[in-house]
């Protein structure tokens, strides 16, 4: 987040204020409006299609519906009090209710150089995609009602506080955590929550014994392309300005995605004799997720290495989870986003170093003098987010299971969620 | 439209001129180029996919083809004289021929702070989507030739004048009508025209007796997502600037879409026991269409109420039309866009009030002192647009029916329009 | 390219420098970041879907995979040395290694008014789409390994030098060639390479005797819509600024696409009795490809004529290639992009004239006084690009054929590339 | 028992089902098939390349019935599926030696 | 030889194939079909328009076997496909006069 | 009359149709089916999860013919569909008791 950079670079509040008092910047506003559209586009239809293609035909609408409903419900909650909890006040742990329903925000209320309404919208698109990512963990077996309840409670209990810690002036931000666009806030929280959900719900019927194949890889690839493009808004927009920081964030994002793609498909090529389209797309997402926390701090040389490591590590994690741990994280949210988010948050502490020659980045956080120092902060960020998310998610799910039940019946699962939850079918060709 | 706001705020022409003389604004230009791309994206492929998925497999290409051909043909007509009819001169009822073929428009000709070529393009994308929306009313039964003739005649006879009334300096604009991004100009005209077309053409074979089901809901959802994102350009771009007005317009647009989604699916959930993906997507479109005229004038609190009402009213209208009136408006253009446009135009007169606490907006039009006053203007705008569109559309269709015939033969309809009109098939999987 | 214009208008380096020293422009940066996203969107998922829908079901993933892998691999090569070869130094024929791995490029390094990292990214998206276009020439029969090797070698041997000639300060740019956004650099090179590839590889099994039909026209149309929208970034972004030049480039681009669409479908309507969706979409691409080199130099009147000619000429070329020459350029890359690129590069020399009344453009290149003079330069550009590309592509392919073999076995071709190259299937509905 | 197999035009399915329903037949199995016959296909053009699509989409209905009902049923299908135009399709009758209802194990005509 | 045709619920395919495999039967041909029968469909609502989807997705298995194996195989299919719920499907047995293996030209039971 | 049912490799359809055309047979009905047999499928990997796709896509051709033409036709199909490789498929011959042309009501061999 550019805000973060601003806070770090301009260490005196007076200066920060001065910048804000400079008034609105049209170019920054133009870019962040665009970036906001791009990030919404990542979820709708991007992620929805990416995920939708990977499930079986009988469940495709349930996944699309989950993404859509989350977009709707999260937006309203974010407006009512979510934004205030994340970005209101100066608490170390959680925001306050000062920005409830955007009270007092008008056309000319600013956040930095852009309208606050825009900052809130941009953040809202992040708040939408994070629970939408979790859908991949419990896909093809969760009740729609439970999914909706879970997503909203999780938004308030997990997402809002972690956002506050990292971007809202909370303790991790104070400590100098480098998370430019959401390695901890978005990817670790979503990945860990998906893993916990997969474990609490248990595997899909037939997991391990019969084929639970993607029903439409062309849909998945269409979504993957949209994710790649949309991610320019995700990371580039996090600079909150139309400047060299934003451009560089886009460049490193793109290079990491490219390397992730190539790495994953190369591993498959070597190991299985053939590279696959799904492998390429998954590597791309791994590259994107991993560079996310680092994207404002590293240079293009570092980005290439990050993409390479993303491919290797996330590939291994995917196989480990599926083949060794035999956990049915349906669409591999944890190994790709969770592991990628952790890896990237740590690597942000490495490749932000200015002393790595062609792999150099743009320096550590204000007040942190060494890679070890930055890495320590990064590790604290990773662990805190991981542990908090895991525990909170587990509790939410267990409670919900007791109250309304999480999983559809066996018969409904066999029939498919499209018919059992929505009385609709994806195709009638 | 920002232009409108400018006209209203800067009530003396001299001042308006002064602003124009300030010269071009790069940020505004950057944003409106982006918005123009987003609005084109709403039609191609957005609306084309949204509509295409809802028809039967044998007619999918005909719908895509109609959207594509309209995009091509409207653009050329708009360039030749459509734009001039809508935005040339100062007549109360219709423009003039002063801007035929953009005579005299160069790189540095401005409209406000943006190049006139860009203003004309931005408006062109609105002129494209409006007849494309009507396609939903006569889908699956109209001859391609008749469709093309109708769309172009309608553009000139209905769309261009109404645009002039509301945005081109015509009588409704003079009167102070609030239509920020096209509640009257786009949604009421398209909705009413679709209804008239559905009535003149008569229902599809099998309407009411057999299943005329959507053939590909995933395509419809992909299109719905694109509409949501593209609408940021539609409403946000209508500010014609990259500023707090544009940002706020995007925020209220998004919130209304979110509430529309939630409302429609909740009604279904209560009434039928299950919420549907198509319901969610339809509620979203209803929310978007309804906020459109109001999007520059209301605050986020008002937007939430508008989205809620959009869901309730458009849901009821859809059922009423289908079950009570038994009119085969194939893809429900009138109950969603027409009714939504009317509702939104009226609500713009309510929630622009500054005295509604958290539901307040940003004030009535210059010279209008009360909600009753604004509402009266809004009602006049709604009724005038509705009546004029209905009559003109009916006459155009009746004439065309007499001259070239509107509807394909029974056999062609049974075979499907893809083969009978285009000798192509959508799928060969 | 705006750079080009700048170079031509500001003929003294001092002045050019002065402009650069003006520092970064946020609005230009905002727009070019957007344009970069739009051009990437043209390839992923735009072109991938456009092409993917046109092949048979058993090869759809191979096409998507080729586009994805090219995006990944080209990006990395571009970063390592491709960009430097194209835009480093001042050689007449080829760049140098001064910008290897973007050495020395930081947040505030500029290229004109935008960050150099952004200029490099924007150009990267062009370097991605060009080899991706070639995929259409050899689709459904090339080995994945050969495709990858070919694409990368071709990028370095053909694309980088031609880019340098035209945009990197090379001999064609010096001579005053008008190629705003890639008629020679992108479309002629891709079209000619596709033709040569089609000839070297030979036709697909069954070409001419059995049906090699598109398997999913809805996918193709979705991609076509994305291409149309994305092209606003392609041509509008090539102004490298958010100004009247960019706006006008978008307007002429749009009008040419519209006329191309209408022209192609009208010819079909007259000749075959029915207009087709694929015809409309192909005409659109022809219109877009043809206006590309001219888009910064011609006015809207000229654009309409260019679109008309694009439709007529590319339609004829497609039929000629398929029916007379019987060359199996699978997805008609040469007749649409190659021929369109040549036509457009020549027409840029015509419609840039300021003396054509309503069809006037914005003047010839600095130092060129007549249409004949400009046309001569344009013709040299076309011929040089054509000959160089043809020869170099032929040599690369022949060498690769000898070393690793270009084509899959008969059996693999019958089975389909999805299974034989990637062990995946597109659909399991 | 006999197996009656009818190849019909797709849009006639509802009519045929209604006709069979009136005869008390409710079970049947339907398959989407491609029919080649006297009824010719059409030519599609994709960018100038002609593709002759020489099959017609048809539905195949399979109905297992007791032997004595064959004539009625054949007649009913014929009446319902008939348009008088080429390509209306065929009805085939073939012997069926046994039938089993999986759920109950009933055999013979009771299983239908 | 006989042709055994079974209409089963789609998710039972693996079970049936396993059961047949145990009897040494490995060849069969499977078709996706729409089944109409006692088992009723469901109603889908699209924006208030009700569509009764009255067919059930089923799979049709065709297995050609030597005449003396019919009983065993019918029994095996029945056991594997049985859920006790309505809509479990049917097994039909019909006469088969000849069979040819295209590759070798073998005829009769050897061809299977 | 007899019903000849052939399971063939999909890309052999045109050859078989040509061969039948030469024998004067023009009507037939074709279904897309999944074949299980000696010819093995392949394994697909999706993010490390292995899915054994053990069926082969095949086409099923059904041709009703007069009894005396059976041998010629079987032979023609066999020749046209044969590649000598495993998985070439089967031809089955079964009895057909009646055939009706829906359009005209003709019955028996005339109806074909």
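Some points to look at:
Order of writing sets the labels: A, B, C, D, E and F. Residues in every chain begin at 1.
What we mean here is this: contacts are C-beta pairs under 8 Å (C-beta built on N, C-alpha and C of every residue); 3 or more make two chains touch, one makes a residue touch a chain.
If you're wondering where the values come from, they're calculated on a predicted model, not measured in any experiment.
Separation of chain A from chain B in touch steps, taking the shortest path, is 1.
Touching chain B and chain C at once are the following chains: A, D. Judged by contacting C-beta pairs, the busier of the interfaces B-D and B-E is B-E. For the self-contact between chain E and chain F, the two sides draw on mostly distinct residue numbers; the shared fraction is below half.
Between the Cα centres of chain C and chain E there is a gap of 53 Å.
Averaged Cα coordinates give chain E a centre that lies 18 Å from the centre of chain F. With centres set at the average Cα position, the gap from chain A to chain C is 33 Å. In chain E, the residues that touch at least two other chains are 31, 44-46, 53, 94-95. Among all residues of chain C, those that touch two or more other chains are 25-27, 30-31, 34, 213-214, 216, 222, 272, 276, 278, 423-425, 427, 429. Here the touching chains pair up as A-B, A-C, A-E, A-F, B-C, B-D, B-E, C-D, C-F, D-E, D-F, E-F. By the touch rule above, chain C contacts chain D in their complex via residues 211-214, 268, 272, 276, 278-279, 282, 318-319, 322-323, 332.
Partner chain D is touched in their complex by these residues of chain F: 3, 17, 26-31, 64, 94-103, 105, 111-112.
Residues of chain F that touch chain E in their complex: 2, 6-8, 31-38, 55, 58, 60, 74, 77-78, 81-95. Put simply, chain B touches chain A in their complex at residues 25-28, 30-31, 34, 38, 56-57, 213-218, 221-222, 224-226, 228-229, 232-233, 236, 241-248, 250-251, 254-255, 257-259, 261-262, 265, 272, 274-278, 280-281, 284, 299-301, 304, 358, 362, 427, 429.
Taken in their complex, chain F has these residues touching chain C: 11, 14, 42-46, 53.
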